[in-house]
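Each of the two complexes below includes subunit A, the first together with subunit B, the second together with subunit C.
Let's look at the complex of A and B:
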């Protein structure tokens, strides 16, 4: 028995089933991420983060907990990591991206909710999630009905994300941020101070800056990195310790700089440039990115939670007063333009800007099945793209492989149109 | 195909070993060039080193060749249905059905079997029904159970059949609504052979519906035209290059 296997057994996981899960993820990884050419050497680190997400990273969290730290599981980019970190907690995003756990999720949850929710809870229900047993607090939010009600079932702490963006809503959100701070302080027994918050705001801003830099490289023709590799980096960002992540991303950005100078890219100049817009693709889910790039197009930007929504906008720094820091945090996080808001004009403006900045040839609206927010908002997004004569297509799909043939036909036919 | 049009064609089931079927067909067909299309296009490309196009493009080109004023192609095949808006043989927009058999040839095939008809009889019989029994379910699995209950309640098979054809038509029209459509509409794919669907489509849309002489080979004609263009013009830089491996 390996060290990891022993750890999984001690955590009460179904070790045999867990082996099957890992095998299935490895298989998908090798067919997609691993099957690419001309990958930057520095990608090895991010591949490892993904591979160690159930191993090394869990061991690290267990060790940290022994030293008094608390581990907080999160499921949305609205949860301000800075606050958790300032009270000596470690936040890690735990969304599920594998088909493997979905049948287990469907044992308890309705089938017609999104695959991300079913996969996430399926992992817990099938005893294949090593994070569940060591989690000190689960933090949910109110971004969709399926999640909102699921938190009740598992008794998570819930942050209230408002539905509109009026002054009243911002006040409510500001209060939700303050309440979250109190809840975290209660959990760890540590006070969030202005000094600590300054440090964690810097850490997270540095991480965002590095991701923004990576995004800059994707504006080039040809981009020095594939969209699939950029996605792997985003997935690693959700799991890894932030300072270490930023160091390795800086290294990768330096390599990309070098590749641009030498003219190295996985794509030829003039390759069709695709923007992914809509739902997140979390760890384990490389389906649509891989299909698009296998058909000789380049994904040059992701307007998703695993893309620009995660790293756009920094938190105002240099603020020494705790209350003002909380204001700054609330303001920054409120700028995330999730489809849960009504109206969501800011997202339309963002999309138009990104299309220009990245010289996009076509937009794929990626909709996770049953994600009503993004699915309905797709009508508005299509309208603004049509107005600007930017070809666009909506792909609604889940994590399964059963529609791969059909998806590929739709993607190829879309690319033929460009 | 040559300049005069289609010389010869073969239709065969995809089967469980499509590649062998393709190779068998090619053995008896003289050809200068190949372009593959359809769900098996990547398999063909791998073994024949031939160019590929999607069936969306193939149907647009094929329909335009058969009916130069064609503005919309409705293709209902075995596993999916597509609506393609065409202008001068170029795809303007397209939509495909969701990832299930509802509204496809497979749905008709399963329903025909449940009712004890052959696929050929099915459309014919339905055209002769006097009153449709409404079918509420579009899911292949649920519709099958619904039919079993209807049969048990003594409903006429002919009328159930017409109801099924109407429900499939509603599904098709919903799909067409997503892209919008203009006449003339070319109705292609295996389901175009079903006279009941074509009749219902005409009476519902009150538009010009054109049926190709052989609705199942419109995509093949489109591919053949692309293959012909490849060897007669040099825009691809592959002039007169025969595919390898054949």
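Let's look at the complex of A and C:
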């Protein structure tokens, strides 16, 4: 990371503690992402995005704010970036994936809620999050109990994601989308117009198309990229400026094209193909992906919020009317099949399709500790996988390194049966 | 408990294991409820309701089903009993409060979800729940992640409780109420009419009035009834036939009137007055109430679903039109201030009011382990109590006896500071 000490000082961070945080994340990165072989050269950019997430990216946001832009911190892939961007706001995901800040989060929040929530608020509470001080608005949603109640405590704006998918639920969600637009307009003083929304829908659809293309490469045997690198790209997607991100992802996709032709891959043909299913792995969290691939299996798809749930389905474009654009946005985001829905048959169908499309040999249900939603839904997921005789295992874990030995043993035993 | 062995056999229960369950509950009951002094004579009825919950009450339901009635198992105080009853169904809460069945629940469900869910499903999975085999419909709702996802697994009918209180949310809930009516009508083949609904609204309002009256007695110093006995009455309320229940509660209230005149109470005047706030304590679960009162404090109010949340607010009566009755029902039930709402300012206001009305000296936030909703909301509750300088403590616990020593120590230390 470039030296941004003065900036952190000015933001009121605990600079010494922040140094320790960065050192801790760098250490984990080097042990996992950095320890891989045969990485595509274009991954250098995405590594840099991660490394500059507390440095260059923050400097960029500070600069943008000086030029009148507003910075909106988000948490969940239900928040429509297109709308924020159309009103001249810059949305960036705030999710924390590091163990380092968790003890600080636990000073305010219960110990037995999910590590993602504790890690994120732990950074804020320990003054090691550079985004907190420059945040003009925090946007939460109602997708799980722990987050839903946390917004109350930290005073975030809350979008209501319904829990079923009836017409009236869609209407409720459509209203939440419209209310979000009003709130953002109020924040920036800019009106969201059809013209601007056309542009931002294109930007985000282009980003999704590039991610979908990346996902196509992962269907090959062997895939030309590791699952851990694909995860790094997803983590960068949550932080980076989207147009720039898409350009670099396109470059990487071209390189992957080339690698396929030349037969270059981190894996041998016939390597066991794993799907990760369940909870997101946000920046700082490479633990389970790394463990699995170090055990000589290939993660070929992530059925998670840092995977297919983020980039599946485009927003209908070519719609010139503002209200219809909002309809299209509401419709696209409502297709995300989070475990927050009851029932969640759509997710079951998605899983069956992905398992076929990516020729999956085994499924790892990845559950962030205390995430009741995905943890209980895992029963249903296991049922449909068992019915199709696809081996599957549930790994419930947090961000700590304490259970790594145990996880490795379980993963190895699982891979042996494939 | 009367001998109902043949009935349990016919229901397909594991009769031997069921005997052990009953023995275990009886043991806990005797150690807690039964160990009290100066109990009102009329408590005998409510004790009997609890003791006959797997016996006489089940026999009664079997008899009613033979006469064409349908039995509806519910879980949550958002399910409007009035509607079920108006279509000739009998709603009974299925919530489990016993440690005994938890290991069986954990065979299917994650260990780290709330004991109430695990206890309930554990009874079903271990064939010790007599209600499962006679249930014509199970009705769940969307108030927390663990329950919401459990319904998917066990195939319950699900009412969507919204997460905010906008006009559109109320509309969504109103629709859920109407859909529930249709589902119940389909089940019983009976139409819900305005005439029948008038009757059942009266029945349930009478029940609430009697519970409100009981709650008034608890405002006195000393209260003429223990918090543990008041809890037993609430637990009976979830199981008993409502008209019969109200008759017996009226009798008890009359006795309490008399006790007040005569100065009879389980407590001395000036006994420290505790409010329990947070999660419900359902049948089988007397642990924390008993510990607190054994430490010479009086629980004078329960701000829980087995307390004020259940009986506050009547349904508007005297409405002759069916649609308007459904409006009134939707409105009344939406006033319940469960932690599932974001934000939940109504609950904060309620707590401030109750603390005054009951002259509360200290608040015990009672959190069922892994209940993220009440656990995270506890931060806000503590803030408003601290602001008013009302001592408060958070006790997070399950149904086991393992932490009783530790709880006792914490409770004693807390009471000393009052």
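General remarks:
In this text, the second predicted complex is superposed on the first by the 415 of 418 C-alpha atoms of A that agree within 3 Å, B and C clash if a C-alpha of one lies under 4 Å from a C-alpha of the other, contacts with A are read in each partner's own complex, and residues count from 1 in each chain.
Convention: contacts are C-beta pairs under 8 Å (C-beta built on N, C-alpha and C of every residue); 3 or more make two chains touch, one makes a residue touch a chain.
All values derive from a computational prediction rather than experimental measurement.
Look at A:107: by the touch rule set out above, it reaches neither subunit B nor subunit C. Contact with neither subunit B nor subunit C is seen for A:27 once the two complexes are overlaid on the shared chain. The larger set of touched subunit A residues comes from C, when the choice is between subunit B and subunit C. Contacts of A:153 after superposition: subunit C is touched, whereas subunit B is not reached. Of the two partner chains, neither subunit B nor subunit C is touched by A:353. In the superposition on chain A, contact of A:402 is made with subunit B only, not with subunit C. By the touch criterion defined above, A:244 lies against neither subunit B nor subunit C after alignment on the C-alpha atoms of chain A.
With both structures placed on the common chain, the touch criterion links A:412 to subunit B but leaves subunit C unconnected.
For the contact definition in use here, the residues of subunit A common to its subunit B contact set and its subunit C contact set are 396. Against subunit A, the residues of subunit C that register as touching in their complex are 108-110, 112-113, 142, 144-146, 148-153, 158, 160, 162-164, 166, 168-169, 171-172, 175, 339-340, 342-344, 369-370, 372-373, 375-380, 396. Those residues of subunit A that touch subunit B in the complex are listed here as 396-397, 402-403, 405-406, 408-410, 412-413, 416-417.
In the complex of the two chains, the subunit B residues touching subunit A come out as 39, 42, 53-57, 79-80, 91, 94, 96, 98-99.
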